Amino acid sequence: MEGYLLALGVLDSALRLAVPLTCACLAGLYSERAGVVDIGLEGKMLAAAFASATTALATGSAMAGLAAGLAAALMLALVHGFACISQRGNQIVSGVAINMLAAGLTALLGHVWYNQGGRTPALEGGARFAEIALPLAETLRAVPLLGPFYAEVVSGHPLPVYLALVAVPATWFLLYRTRWGLRIRAVGENPAAVDTAGIAVGRLRYSAVLACGLLCGLGGSYMAVSQAAGFLPNMTAGKGFIALAALIFAKWRPLAALGACLLFGLLDAGAIRLQGVILPGIGSVPVQAIQALPYILTVILLAGFVGRAIPPRASGIPYVKER
Amino acid sequence: MDAPAIELIGIDKRFGAVHANRAVSLAVRAGTIHGVIGENGAGKSTLMSILFGFYEADSGEIRVHGRPARILNPADAIAAGIGMVHQHFMLVAPMRVAENVMLGAEGGALTAGGLARARAEIARFGREYGLLVDPDAIVGELSVGLQQRVEIIKALYRGAEILILDEPTGVLTPAETEQLFRVLDELRRQGRTILLITHKLREIMAITDTVSVMRRGEMVAHLETRATNPRALAELMVGRAIQPPMRDIPAAEGRPLLEVENLTVTDARGIPRVRNVSFSIRAGEILGIAGVSGNGQSELVEAIAGMMPRASGAIRIAGRAVPEAADAARIRAMGLAHVPEDRHRMGLVTAFPAYESAMLGRQDAPRYRAGPFVDLAAAIADTAGKMARFDVRPPDPLLKTANFSGGNQQKIVLAREIETDPDVLIVAQPTRGVDIGAIAFIHRRILDLKAAGKAILLVSVELDELFALADRILVMCGGALVGTRRREETDQNEIGLMMAGLDNAGAEAVP
Amino acid sequence: MSPATSLPRWADVVLLPALNVALAFLAAGLVVLAIGENPLEATALLLRGALGHAEGLGFTLYYATNFVFTGLAVAVAFHAGLFNIGGEGQAMLGGIGAAAAALALGHLPGAVALPAAILAAALCGAGWAAVPGWLQARRGSHVVITTIMFNFIASALLVYLLVDVLRPEGMMEPSSRGFASGARLPFIHEAVAPLGLALPKTPLNLAFPLALLAALLVWLLIYRSRLGYAIRIVGANPEAARYAGISPAKITVLAMAISGALAGMMAVNEILGVQHRLLLAFTAGYGFVGIAVALMGRGHPAGIVLAALLFGVLYQGGTELAFDKPNISRDMIVVIQGLVVLFAGALEFMLRPALARVLQRRRRG
Amino acid sequence: KPAITFDVGGKFDKSFNEAAYNGAEAFKKKTGIAYRDFEIQNDAQREQALTRFARDGHNPIIAIGFSHGNALKKVAAEFPNTRFAIIDSVIDMPNVQSIVFKEHEGSYLVGLLAAKASKSGKVGFVGGMDIPLIRRFACGYVQGVKAGRADAEVFQNMTGTTGAAFNDPLKGAELAKAQIGRGADVVYHAAGNTGAGVLRAAADAGVLGIGVDSNQNGMHPGKVLTSMLKRVDIAVEKILTEAHAGQWKPGLTVLGLAEGGVDWAQDDNNKVLITAEMRAAVDKAAAEIRSGAVKVHDYMADQKCPVQ
């Protein structure tokens, strides 16, 4: 039982850590499925984190913070869209630019506004998302196995966590059951086919890029307004890139994406707990190995040694009619 | 008599400096099949893409059933009842047939309803026009013929009254072509209007009611099919009387310089493209290869030139066996020269200055070489010389390759390959997208090489060209040799039939 | 393609890029305004700090040295049609290689130890880049993603080595012990001292001339050598490469290796030239600056050297600026980087049509 | 004109740097003498900042934090006539004064309090970067806990192995949550800004946290048992005043309980949490340590800790 509770603790933490990844991963999924490669997830999340933290701080309302976070990420998404869709610029370059801009601007403004080395003061009370206890969490706790699981892992998270979890099936439905999803999947494979079918390729891709922005916004806001209760320079610390890895891992499929992110979250939770701990017999664990694991796994998958990850055919290529 | 279904008036379109359509006009009666013919690059696809709203004309007017129509994008065209089957299919490979068919006409925010309707309609088209295809098949896994059906169904599903097909038969087997024509005939009987683009006179005669001829971006003739004949059309197409084959140089009977034995080539996906082909070419001989494009000619050439691995078989150049592993550079060194079928795709580097294109494939040749470096002075001087001898205009070795005209680009390639004094020359589609002046020049050069005792393999989709140059013509269909004929013992009809795979009697006429 | 957007060569090669960069700095100026500082005053301070005195100049050139290496790295890969975002990780590996050699051979005379250490840096960087190159060439895994992954793997490796292997007993921050004198690249002010020249003490060291040499060699490689010809062909038209008997796969791996070697050489400046010990975060994002530098320099070594100098000015001047105007922290430089990459890279052709129209009106009227 | 370089995190980190800042401000208030300061943002800047201050003739120059060690060595050698001081690191040079603290003694006291305050008999420790200095906190803390309650269990975690470990409240919170999940009801942190996450997690979970360096009792009033005060402020003020009075001397200064260099914080925020019995116990222990009757083992003396 003791062990079981410990395990639940790890799961709980894995879930928390997986949420930003899941948001970014789904974000990337919309964009790349529509044929727009986005390595600027990191930057969009960071910008969202900053905007949400500062706004929540100013208004004292977490919701206002979330709104600001979404807005900030959408802005950068529009920049990416303009560069990649309207101007047919290089999508990688644009992503790199957005990451640099976000990293620089957030730290700069944070430094100027709060001079605490780019940090914002800690968010308190209403400025943070409170943890929501799901109905019956305590009463069901008595139920063997499932009870504690429900109470510990499922219940007791702030709103953004549940939003992110809902976003997964929602994405699946949008992608595979709606007209918009059909068109998104098509335009990522063969934009000319979509064009000749009488659909405006540009507008379609913009819509996907904006969806990407929204989810990045959610992820970033969650980190600042809920997880860390404040903004820190570069607080996303590469999550946007792990999300890309997860996306490849999931082969651009929504449900698999959740799985991949949970796996990576679990690795992270494990790594955190094992840091500096001397395990009897083994000695201290080289935590860096665990931290590098997601990246190593992704490379192995990309190399096609296990399975094969084939991106949408038209992703990365701007749509040009005239050859 | 009522207004034509389609009327194009003074359509003009440029791509950069390329004038693809020059004040083109065209009218098509409702309920008829209208053919449009023209050489490669004549501007047929461009014109149709404009009619379909895929490209926007620089100037000109479009009328549908007499009413002026503003067709700025495919949506407008579809709304106007125009559907198009493109030369290069517009399908989403990893999606199902039904999804492809409904794309853009889903009828509702959710796909469920649309899918059901698409399935039903696909079934109906199957019954009514013989357009049979499994709605749940993954498009990417269908044969080319079936994919084309999906394209036609797409158009019909959107209620197209006017159907444009751009070179639909180029990629089809004879059987598939027959089926296609049956479908078209059925559509015509139901009152639909069809625009059929093709190179193949046989098909024009077979199915069209009226025909228009394009040449170098201009519309040069409108005719009732009944009132014309292939020869007349051909002359209109190329804009000259087809010269009688030049008989000046008799086929010399030198030693075999290129020998190919039981060559089989499979593509990346393991599908055989060339099946057990054998032939040999003697010094001073031109061997022509005829065939509908996509029947293995390209793969045959690439395998001989070392750009594609061979699955089995042997190749000898001037009696020396070509090792399996030899790459293009190695084989060149053995005395082979190769004018590729698509100069833009592989023959040149359009972004580089001409002199760098003019040394492509010869980059390691001693004369361009200065230790690990390129001998710039030599390369430029050498190119200038070539340009002078081949009358390339403008004769500027430093000009960006892209800024030479199609014909001049082709001359650069030709000069590069011919001037290495090879034993064997492979020339593929040497005059595609090249104007008449350049064609004559290029043909003369090829005959000069023959006179010089080289072995020449000439691949062309233009029968005229083959009959003008080749001593023997060898026909490929479905990757296999279906027959060989001496030029003087055959005619375009017989070869055409063999290309269609309809006749392979006496395939071994010549050993 | 269409006449509206075709420009004369000079406009394409000089004017357009210049305008783009100008646009970037204009935007940067607005940012400075937004945080309530005076852009002109800031620029003045920045230039004074970077170029105003011999010492500042020394620092400027020292930073530029890093950017020349990482910029060249990005450019070489670019000519082969590859986007190497892995400069950061390759530089880390270069550092590890350099440090390993330096720690092992430091006691030997510099004539032996230094070349060995430099070579080690280049080789490790090359190896770390060649693997993604190979994966791209043979397994079709996209080099952009794999190089990103390799950056993270490299930093994990570096931390592990510094914390658990190289850190001397009892030392607090993760770093190796200092190198023996044999493995220390002489500082410029030391090097010129015998000539009677007295320069102020700056981190500028012999890696700087090395970087200039590298730029020259890269120019020879890309525009004059047969290998460079092959690299450019593969970058411009892989089909043509196949036709010419050039193996795109081989060239891809080779180009990535060269690119990685150059990135790895950044460690020569930082580790062998300045720090004289391996430490965390010595790459400080310079690998990414290389992207901005390469884009700004249009992939041409001469342009890259100039762009590197500009960023050197930004880094040194920016640090000085941070003293006098604490509000304009060094993050401002990252912002400028981002703007340069955005305008000179992603939005490269935004001004093209407008510019073309203007020039045509000129030609007519 | 004196100058100070603060470490990454900045002078308002409510912790280590802020303590130093308060010391400097106090000096300024008393003497009216202004000082220049600079907040390090990345390692590359340390040497440049110190050099710049020295070149501009600032004197004395105080480097806050051990990370300045290598940079200071170089710069001090370059400017032999400038007086330097460094906190938390020992540099043996004629123009450098090194100040270190007996964090183990202060940690011992808060450990004792933790043991008394804990109901579950389980307490936690979250360290920042895994270095001897932080292990010294941990070891002193464990000794205090055991002294307060021999059967008590102490969970220890380190946040990371690089400087970033002092600036990662997210991980801090995760670690605290993990320890609380295992039953800890008092959690002590020695993790700079990472600690913000630790204290918050404790407050959220309704258990007690223990602050460090500065008095952090006010961060979550009633939820922070106490703070282990590391009087960097006193040290900084002392250096400045001595330098001002011309009594500055190089060498090593060790500030322990006896010297008032470390202490535990009591104010209105935690009044209710500290029972008379607890206060008595901790005062007694403090006295014994001052008198030398009780010796708290220093991890850094032999790089190991007698108790776990």
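We call the chains A, B, C and D, going by the order they appear; numbering starts again at 1 in every chain.
Here is the rule we go by: a residue touches a chain if its C-beta (ideal position, glycine included) is under 8 Å from a C-beta of that chain, and two chains touch if they have at least 3 such contacts.
In this text, all values refer to a predicted model and were calculated from it rather than measured experimentally.
Ranking A-C and A-B by contacting C-beta pairs places A-C first. In this assembly, the chain whose C-alpha centre lies farthest from subunit D is B. The distance from the centre of subunit A to the centre of subunit C, each centre being the mean of the chain's C-alpha atoms, comes to 30 Å.
Averaging C-alpha coordinates per chain places the centre of subunit B 79 Å away from that of subunit D.
Centre-to-centre separation between subunit A and subunit B, using Cα means, comes to 48 Å. Here the spacing of subunit A and subunit D, counted between their Cα centres, is 36 Å.
Touching two or more other chains at once are residues 15 of subunit B. Shown for subunit D are the residues in touch with two or more other chains, namely 39, 41, 130, 161.
Residue positions of subunit C with contacts to 2 or more other chains are 1-2, 159, 163, 326, 329, 331.
Chain pairs that touch, as defined above: A-B, A-C, A-D, B-C, C-D.
Residue ranges on subunit A touching subunit D, taken from their complex, read 5-6, 9-10, 12-13, 16-17, 114-119, 122, 131, 223, 227-230, 232, 235, 269, 272-273, 275-277, 287-288. Those residues of subunit A that touch subunit B in the complex are listed here as 177-183, 185-186, 189-190, 192-200, 313, 321-322. Within the complex formed with subunit C, the subunit D residues making contact are 38-39, 41-45, 48-49, 52, 66-67, 69-70, 78, 89, 130-133, 161-163, 300, 303.
Those residues of subunit B that touch subunit C in the shared complex are 14-17, 305-307, 327-332, 338, 340, 345-352, 356, 360-361, 363-364, 369, 372-374, 376. Taken together, the subunit D residues at the contact with subunit A in this complex read 8-10, 12-13, 39, 41, 127, 130, 156-161, 167-171, 173-175, 177-178, 181-182, 193, 196-197, 200, 204, 219.
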